[in-house]
Amino acid sequence: MADIKTYLDKLNALDFSNMYGDDFFLTWEKTIDEIHATFTVADALRALREANVSTRIFDSGLGVSLFRDNSTRTRFSFASACNLLGLTVQDLDEGKSQIAHGETVRETANMVSFMADAIGIRDDMYIGKGNTYMREVSTALKEGFEDGNLEQRPTLVNLQCDIDHPTQAMADMNHIIHTFGGVENLKGKKIAMTWAYSPSYGKPLSVPQGIIGLMSRFGMEVALAHPEGYEVMPEVEAVATKQAAASGGSFVKTSSMAEAFEGADIVYPKSWAPFKAMEKRTVLYGEGDHDGIKALEKELLAQNGEFKDWECTEELMAKTAGGKALYMHCLPADITGVSCKEGEVAASVFDRYRVPLYKEASHKPYVIAAMIFLSKIQNPQAKFEELLARSVARFSK
Amino acid sequence: MADIKTYLDKLNALDFSNMYGDDFFLTWEKTIDEIHATFTVADALRALREANVSTRIFDSGLGVSLFRDNSTRTRFSFASACNLLGLTVQDLDEGKSQIAHGETVRETANMVSFMADAIGIRDDMYIGKGNTYMREVSTALKEGFEDGNLEQRPTLVNLQCDIDHPTQAMADMNHIIHTFGGVENLKGKKIAMTWAYSPSYGKPLSVPQGIIGLMSRFGMEVALAHPEGYEVMPEVEAVATKQAAASGGSFVKTSSMAEAFEGADIVYPKSWAPFKAMEKRTVLYGEGDHDGIKALEKELLAQNGEFKDWECTEELMAKTAGGKALYMHCLPADITGVSCKEGEVAASVFDRYRVPLYKEASHKPYVIAAMIFLSKIQNPQAKFEELLARSVARFSK
Amino acid sequence: MADIKTYLDKLNALDFSNMYGDDFFLTWEKTIDEIHATFTVADALRALREANVSTRIFDSGLGVSLFRDNSTRTRFSFASACNLLGLTVQDLDEGKSQIAHGETVRETANMVSFMADAIGIRDDMYIGKGNTYMREVSTALKEGFEDGNLEQRPTLVNLQCDIDHPTQAMADMNHIIHTFGGVENLKGKKIAMTWAYSPSYGKPLSVPQGIIGLMSRFGMEVALAHPEGYEVMPEVEAVATKQAAASGGSFVKTSSMAEAFEGADIVYPKSWAPFKAMEKRTVLYGEGDHDGIKALEKELLAQNGEFKDWECTEELMAKTAGGKALYMHCLPADITGVSCKEGEVAASVFDRYRVPLYKEASHKPYVIAAMIFLSKIQNPQAKFEELLARSVARFSK
């Protein structure tokens, strides 16, 4: 298996020692070596699975999924990642539990973790809450382990918060690297992360923030485009600006979709809610002001409606590099004339990119597994060699 | 283990090579050799489990269950089958996911299948929809595999659709074969698939259709009895007629329960909804016509009420061969005076057949496992010999 | 691993042969040897896991969880226990199934058990129902196994019924034993199981009943305190009285929280509903009398409100032995000023005992696993030696 040798060489050239025993919250908290180690481990795990070599490092153990809103993709990605490593997923649904009834974060974190090796949390609904909540869980788990209540400290994976969507952004980036034949080919390439119209309300900002917060680290020209009023968190813009400069690329903002698409090698048109409105919604929810929430929703849909021309059309695609930019989306997309009357993308554009879109998504389970693997395994290179030597068939044909 | 040798001999005499890599939709699409191979593999898997020999062929991997309506039995049967082979079940509940929000079948099929080796679908609610939906999923998975998005093509198992209920019919048939001491003893035996009164509304037609579509292949005399207005799909009747003739048996219709029971060796009295009403309901649901649905429901219950004498009583049982026909039901049954005031079967009849009824049900997990096994394993005989030689204990006592 | 040797010596000195093949319903149905065998096996399983030795005795198999009300803790404890032994949990949620629609206990028990090695049931809502239901399931499983429908007889574990909460009481007791350095140090120690005020309604009696029904077997002075009207089941009080006498301890009742706390080594202040009210509620539910239920709820909350001074305060804690009694709770607790305005315990008391409280809870998964293990494994000592010799890593680091 020549591939694995290549991955081992890559890992040997990287310093990712701090990932051992650590969680994965925000991509920009990780060094570029750590980011590349994650891609490399993801690719290595995939290569092993494709070669029918089992990558189970757990004989038993639980992966806890704590989702605060519904999700097919992320749920299955996390379940797949856990399964790949030998963990059994146990869902901590609020509906099924007593969490809503006054339990503290600290208590719950301990109670579900006696046999948990990993916990995936998705909490992207309220500005200022999701990431904070994850860090509280992480601290509680650290204490629980140190106090001897937990036999192991579960690795926490951010499956989407109010700030970042690291498993999505990392899967997306790995897709870009594979599509362009290596990270060394990305220097100077232009990626357009642009807002797009959707008839729905309140889509999270974590995707555009995750994209500019990660894609700005590879020397690319990152353009963020949105109508006025759809600003993302200024802290993340600051991160993108700084990283772009450091990597020899750029980060620019524009209020024109066409300008962002002009000469772009990659386009990522997607709807999101205005940051300020999300802040307001968080307050309204906190106050239990249902009339206020309804009024805000109506207002936001009306606001969205002013920008129906923010659609990824064939005309816009024609403006991209060679008319052939890589179209990306975290899915599901609002497709004009298919899933809605007017949406984020023209049906003909979306259809042309179906296969690449599914490939994009296919990286996510491996990225999540890599995050857990790197936190659990002190010497991944040795472990991969051991897995190859052990050579247990994933499927005994 | 003498049994396994018998199963291997049986398999060696059958041609089932086309099952490798294929799905299981409708029993009448399978050759009689393929049907027998499924029974034989089911029995062999059971023999191995009873001998405490692990039949895990997967070290890891997912079995996705996609249920469009509730079900304890089928859910547990699928979970048991997956567990027997080493797959972990991940439920794709519509309530838990975004499927209802405009996702396409193609997209969802790919998104849940990155690590899926099998997918079980139950979609029996709407005439003309369930089976069609499964085939769309199957096509999408084939494409996803060919496009390289999926590392494996998941096997699709029809856990009940609008046309057939193959895992039920196959489990039922295996129960008959075991009860009568072999398929060679079934020639000329009479089986009565009859409608029965139930105070509930809209039970699927897939059971009677599945029964006449399968039981007509073994040289038996198949009698279908129902009141006027409770016709099943004409296409399936045509299949039964053709198959009965080919197998040296017969397929007859009658509108008298007593006539069907007369001299029967096996009786299967069970309620179902009129096909035409189900078609109408599908249209009403499509139009979101809730008043129409309520009116239809009322009308159907009134229609059912005219046939309360369609009950499997002791008097009717006395008319069967030796008064001792094998009573069958897919469960749960509407038992007169127990689960309802007036139902499908008299309590004394049901009670006498409890043990055979549970035995009947016990075949289903193995039938499902056999369907997956035959799709995954190119040489089942060699695999069984390997499992025996490997001799891993299922339970290390 | 010196520890394991100690556990084997302990087991060798105990007679627990009747646990093999048996269920675990009520602690007082088990001999004191059987109780100690359960603690010892729980500790041994924990020692093995902490030493990274896999305790999987099942290569495949299902653990069915049948919960009739919500629960995070018990759900995760059962899932953890099953995972530790190699079983996959399959939930039998009433919402997901047809159980509510007239199925009989007998039928359901068989239908979910074709591959089930263990079933955990939580059914604590209705007086006179929960434990009865479990015994019906147990009988059905025994018959199903004897009739040949089931290949194995699943072990039934009572995860909380109307009478006892054995997994909680056993985890609590093991926590006490560990905290006091051995059961030999408990003679004459005083434990106060006392009612405490809560602003919520209808908490089950199974915890106080479980505590007095178990803690009275170790020569301790067991004091049960509650306001008039909050009596527990007289049958359980009789059990406690008899056991206390036999073990050289005592069981006393008082209507003063302060009196119970006086000189106590262990305090367990917790709210519960009045037994008579629970009986009344069971009748009202049976009659579907929703107005009656609402009225009862209101009445009970008003009744609770008369006893707001039943709070575990610093003043009360100061009355305990050295002012340092071990504070216990099954969690979640109603903490004054934290989870409610006025509750069971002062925030400062609760906070000081957080680590011991989580340790208390950490015993539960192992206690559940031990109950299953002792029912499944005829010679636990030999099995532990085998697991050590096999030495499969739980987590391959």
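For reference, chains read A, B and C in written order, and residue numbers begin at 1 within each chain.
In this text, a residue touches a chain if its C-beta (ideal position, glycine included) is under 8 Å from a C-beta of that chain, and two chains touch if they have at least 3 such contacts.
These numbers come from a predicted model, not from an experiment.
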### Task
From chain A, count the fewest steps through touching chains until chain C is reached.
1
### Task
Could you check if the interface between copies chain A and chain B is built from the same residues on both sides, meaning over half shared, or from different ones?
different
## Note on the structure
Rounded to the nearest Å, the gap separating the Cα centres of chain A and chain B is 40
### Task
Provide the list of chain A residues touching at least two other chains, using ranges where the numbers run on.
56, 88
## Note on the structure
Given the complex, residues on chain B that touch chain A span 56-62, 88, 90, 92, 95-99, 101-104, 106-108, 110-112, 114-115, 117, 144, 147-152, 376-378, 383, 386
### Message
Which stretch or stretches of chain B touch chain C in the complex?
### Response
46, 49-50, 54, 56, 70-73, 75-77, 79-80, 83-84, 86, 88-89, 331-332, 334, 338-340, 354-355, 358-359, 361-362, 365, 392-397
